[in-house]
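Look at the two complexes coming up: chain A is in both, with chain B in one and chain C in the other.
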Partner chain A sequence: MKRIEAIIQPHKLEDAKEALKNIGVDGMTITEVRGHGRQKGHTEVYRGMEYKVDLLPKVKLELVVGDARADEVIRTLVTAARTGKIGDGKIFVYEVADAVRIRNDDRGDAAL
Partner chain B sequence: MKEVAVLPPPNPEEVQQTLAGRSAEVEERVRAAYARTLEPLFRAGLAVAAVGGFGRRELFPHSDIDLLLLAESDKSLPPRENISAFLQGLWDSGLRPSHSVHSVADCVTEHEDNAEFTISLLDRRLLAGDAALYQSLEDKFRQFQTRRGASLARQIAGLAEGRRAKYQNTIYHLEPNVKETPGGLRDLQTTRWLLMLEPREGTPDLSAAFSFLSGDRLRLHELAGRDQNALSFDAQESLSDHPAVLMRDYYRHARVVDQAVRQALEVSTEKAGTLLGRFHEWRSRLSTSDFTVSRDRVLLRAHKPPQDLSLFEFVARHGLRLAPDTIERLHGFTPETKWDDWKRMLSLPKASLGLRAMQESGVLPNALPEWRNIECLVVRDFYHRYTVDEHTLVAIGSLESVTDGRFTELMSEIENPWLLRFALLMHDIGKGSGRDHTVASVEIAQAVMERLGAPEADRETIEFLVLRHLDLSSVMSSRDLYDGSTARALADRVGTQERLKLLAMLTYADISAVNPQAMTPWRMEQLWRVYLMAYEELTRELVTERIHDAAGMPAERARFLEGLPTRYLRTHAAEEVDAHFTLAQQLASRPVAVEIQHERGFYKLTLLTRDRPALFASVAGAISSFGLNILKAEAFSNSSGMVLDTFTFADPHRTLELNPPEVDRLRGVVRKVVEGKQEADKLLRGRPKPFLSSRMKLRPRVSFKDDASDGATLIEIVSEDRPGLLYDLANAISLAGCNIEVVMIDTEAHKALDVFYVTHQGHKLGDQLQSELKSELLAACIGSR
Partner chain C sequence: MRNLSFPTLRAVGCATAESADSFVASFRGARAPRTLTRWIGCIQFLTLLVLTAGVSLAQSIPPDIAKKLDDLDKATKNAQMAGDNAWMLTSSALVLMMTGPGLALFYGGLVRKKNVLGTMMHSFILMATVSILWAVIGYSLAFAEGSPFIGDFRYVFLHGVGADPNADYGATIPHQTYMIYQLMFAIITPALISGAFAERMKFSAMLLFMTLWSLVVYFPMAHMVWGKGGLLNAALGGKYPAFDFAGGTVVHITSGVSALVCALYLGKRDNYPDESMRPHSVVLSVIGACLLWVGWFGFNAGSAVAAGSLASSAFIATHFATAAAVLGWMVIEWLMAGKPSVLGAISGAVAGLVAITPASGFVKPMPSILIGLAAGVVCYLMVAKVKKVFGYDDALDAFGVHGIGGTLGALLTGVFATKEVNDLRMGKPMGWVDGDAGQMMNQLIAVLIAWGLAIVGTLIILKICDVVCGVRVSKEQETEGLDLSMHGEEGYNLES
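What follows is the complex of A and B.
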């Protein structure tokens, strides 16, 4: 099993969700986050007052899928969230040791 | 899923009967158990009394049965096994007795750590046992109550405040607990106790609220089969086919209770003389011939309130609240309001308190019948904490507690805050109509403004704000903020920076009032980015967006408009454009056309002429030389080299007002400086140096932007305003050999916001020139040039 964590532009969230739904992936956790990568800290000027923007709003999407589906999900996310500009975000993939459904003790892929 | 029958709505009599019937039944069983177990052993010296809810004969199916076993003294307490036998019988018959054993002396002693016990004794009655013993408790407790009543009231208030704080002091919970949440049965009982201990006039009628809340609690107990008092989403659906209607009724009743308990708590806690109390007393100096202020509460001097909104304006001006007596006297009061009344009240910094007072006293729906559409209207989703009316008032209140520096500054830049507040008052008023609520809200707002006699310009702005109130939120969540077309589309829809500021603050307030946690740093950052993106686009448009081939215009008119910024048409009414066009015709026979108008406390000078170097600075100088204070200015030019300058200024020394010939002289002087027959510098030589306070609040800021337009450099200046500032700034630009293409000057309180588009020999300004000009401008800001 893989845990897929995608940090994307807020306006791409709907597209990403829709694309995942189309390949049959419904369950995910969504968090509003702030951060920066290479599109980092720049200074903005408003009415002559400079202020530092070091944390830009992003959306974090987390989901766990079976190994067989991981590549497909990643490809889908990349296509849906890409604008081609700096700041499009990143996807991280982690190994998951096990999953348990609390309701009925299902384990592994069955618990997803 | 478990099937649950939808239970019938409560009927007050039925509720009363059910509660009393249950009490009577339990009473019988307690008496029987007592007769069987304790009575034979203790003919005298012991009694059993009902206390708490049981004492009040308000017994719910699964609530505890509060019993007091009263003994003569600590030495004559009955042995444990006898009490157990008595309780055993009750337990066995399915009751849940909650008992305590006390001596009479114990009952009339204060228990710091168990105030609940003393409170439960307030509702006591004898069930069985030694009547003489019980009578001695009655007598002693009455004395105790007289002696310690105020202290007991404070304890009750303290417990209530602690409990209410756990629920954030609001009745608005999506899944409220009919017993514990503010506005629930516990608050209702708190009110009754406090009134019992410290009776006062004007006791609120809580009987309808009691029936409703008790009816819900009864049905919740039946539904769950235990002491379950939470109106969860599931429970709401089980109790009613129309959960939203059920909840609307719930909030209506809870609000009555909440208001009553807050008043009662206030009376009990305010007794304690504190330093704060003395400060509040001091504010009684605010009293006027119409209103008395005592302890921050407004009392009416006359029997009836003034017919307009002046009472609420007074509340909003000084940040006060209405006294209970005032609220009572406002019962059924319908003020006669015109647009100006609302405008005056909504311009005040604590306007939300004025509206709160109107709502609390029931005057708001009388003055604004449309308000009834949204009263206690429930939005059933997981985000909205408040009913629609509460959301609206919280939103208006949130403008008064903006903490983020950027939005505080933005708020201070809004020239007509009443437009923002009125738009917020209307923004959701069409909810519950079953149609798209923005459209329905606009229609209602139109009707309201028509009735109040709002001027055309105000109406347009408010209609725009109401119709567009979700636009920024939607851009925030679904548009690429780094894509130029997003900015252009938004700028197009919004039209002017003035409207953008209003819309941004409206969105800020609207989001903040969804629930207390809704305005996250994430949303705030997103909203700011949307604002900034549209603001920069609109500033850029000042020079890039020009009127070209004005459609459907006669040729003469089209020539006049050709090349003026599109902002010109957006910010001027058709009549103003007509007047400017007529003035422009004068240029055929003379080099300068000048007009001065007096309107709404300000003067407005309009000037049309051919462009020439240092024109703008000269006119600004001429106006300042009369001791007049420039508040706003705009300078535009069209393609044929005609310049249209407008200056709005105040007359702080009443020079023009008291000496009408001075208006003609001003017109003459302006003409002369424009024609180059007089120098502004000389005119100003005699003027006194401006008084510059060393504690100038605002650090002057000057910034240059090259990417704002294709052909000109943008200079933005923010500075503390002072007489002659505009002349000094414009003059510095002219002396540097630069030409001013477009100008937009604004003043908010003591803050001057100036935007100049400037060229040097037809091009953008080079780096060297920019840095020289920057220091000149900064020096001009602090008056040291």
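What follows is the complex of A and C.
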């Protein structure tokens, strides 16, 4: 099983969710995060005091899928979330040791 | 009957006698008329007497009419009192609203989230503490006739402050109304200072500080400018009569300058100016600023202590000055910083309100606009440029806006005060535009006294508070935030 962690632009969230739904992936966790890669932030001014704001709002999507589906999911996410500009985000892929469904103790792929 | 006077009756009588004379003469010949004339004369005289007596009786008014006139007189006076009292009670409520929630929101939005409750509490708690202090001794020290510097104790525990008007302080409203109106000013003035020591002052020290400050700085200043016999009182016999309609010196200079002293004494916030200390909610500040604008009509127009044309004039001057100040700040910020900020616009409004405060009941609308414009520009420069040069941490710009705005307004009052708006000197010139440039001297004296009293008083009080309980919170408490460290609360528990 693979955990796919995608950090994307907040305004691309709806496109990403729609695209995943269309390939039959429903389970995911969304978190609102802040961060940056190479994207520069912005400057805010309050009564003459300048504040550099370089922690930018992003959205993190986390999904766990079977090994067979991982590539398909990654390609779907990339297509949906891409704008072509700096700040689009990144996807990281991790190995998952195990998965358990809380409702009925299912394990492994059956729990996904 | 009243219009028949003795001379008229007499003239009529004489005319009748003469015509009777000639009538009889034409029948009796020249010898007889004398006796008949005398007879007619007697009868006429007696009739005259009776008529006059009747007229005189009529001129001592029948008692039921006299009572009616008396009732009418009382009703007219009551109507006047009702109008004035209604406005003054409304104004009192408006000024209290300026503190809570006006100032509480304005300042609360400007601090970091972890300090929002502590900052709002600085305003709110004064609504309680200053009120009790005022009732017990404050009103007396400020408004009882005593020395030119401070009142005596005749109104302690509000003794003698009842339903009857006090002729010196509003002849058409109950004395109690005047007292409660002035209380609202006493509440907001120390609250303004909290902008300077926001995010780092100990709550216990603040309570002690505010109590002492009211006693040492506010009550004497209020007495000097507004109290009977006060040194600077233009209306009630002051030696250096200064024009301060609603408190440019009493409220804004004292609090603004004290704020600077506090900022310097307490020192900068931890990591200032390196760490980002952005306002956590300019939204709250906008709401607060709007409440301040509306409430300020009670502050300025209410200072007319009556619901007449002077109140209207002050209302209008207030409004136009504020509008001009918003635009002044916005334009200069746009030019110098590239974008017109919302925080700048609302700060401009407050600067305009501050500057027009002393002038509101003395100047015409067009000068009000000039005063507002000047305040918007000058206060922006103070806050955005000058503060950085000196490097002091006046967290919420209490000095930049209130201290400087108040000083500017007090001086411009001396320029633009005119008898066409307020004929306080009964025909004599008021300010420079009227031809009395010397009034500027009185304004300057009042400004200097306010500065001096604020500086000396605040320094002494801060030292006392520091010795008694320490004024600044510890580094850990400051990092944790006042809400948790001082009050054991968090402002927003949005996950719950």
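Heads up, the rule we're going with is that the second predicted complex is superposed on the first by the 102 of 112 C-alpha atoms of A that agree within 3 Å, B and C clash if a C-alpha of one lies under 4 Å from a C-alpha of the other, contacts with A are read in each partner's own complex, and residues count from 1 in each chain.
As a working rule, a residue touches a chain if its C-beta (ideal position, glycine included) is under 8 Å from a C-beta of that chain, and two chains touch if they have at least 3 such contacts.
This is a predicted model, so every value here is computed, not measured.
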Chain A residues touched - chain C or chain B, whichever exceeds: B
Partner chain(s) touched by A:Arg103 [first = chain B, second = chain C, both, neither]: neither
Contacts of A:Gln9 with chain B and chain C, given as first, second, both or neither: first
Partner chain(s) touched by A:Val33 [first = chain B, second = chain C, both, neither]: first
Common interface positions of chain A, toward chain B and toward chain C: 44-49, 51
Interfacial residue positions of chain A with respect to chain B in the complex: 9-11, 13-14, 32-34, 44-49, 51, 55-57, 83, 85, 87
Residues of chain A touching chain C in the complex: 44-49, 51-53
Chain C to chain A touching residues, read off their complex: 273, 276-279, 337, 339, 341, 343-344, 347, 383-385, 387-388, 397
Contacting residues of chain B [partner chain A, same complex]: 406, 409, 476-483, 520-523, 525-526, 529, 532, 535, 701-703, 705, 716-718, 753
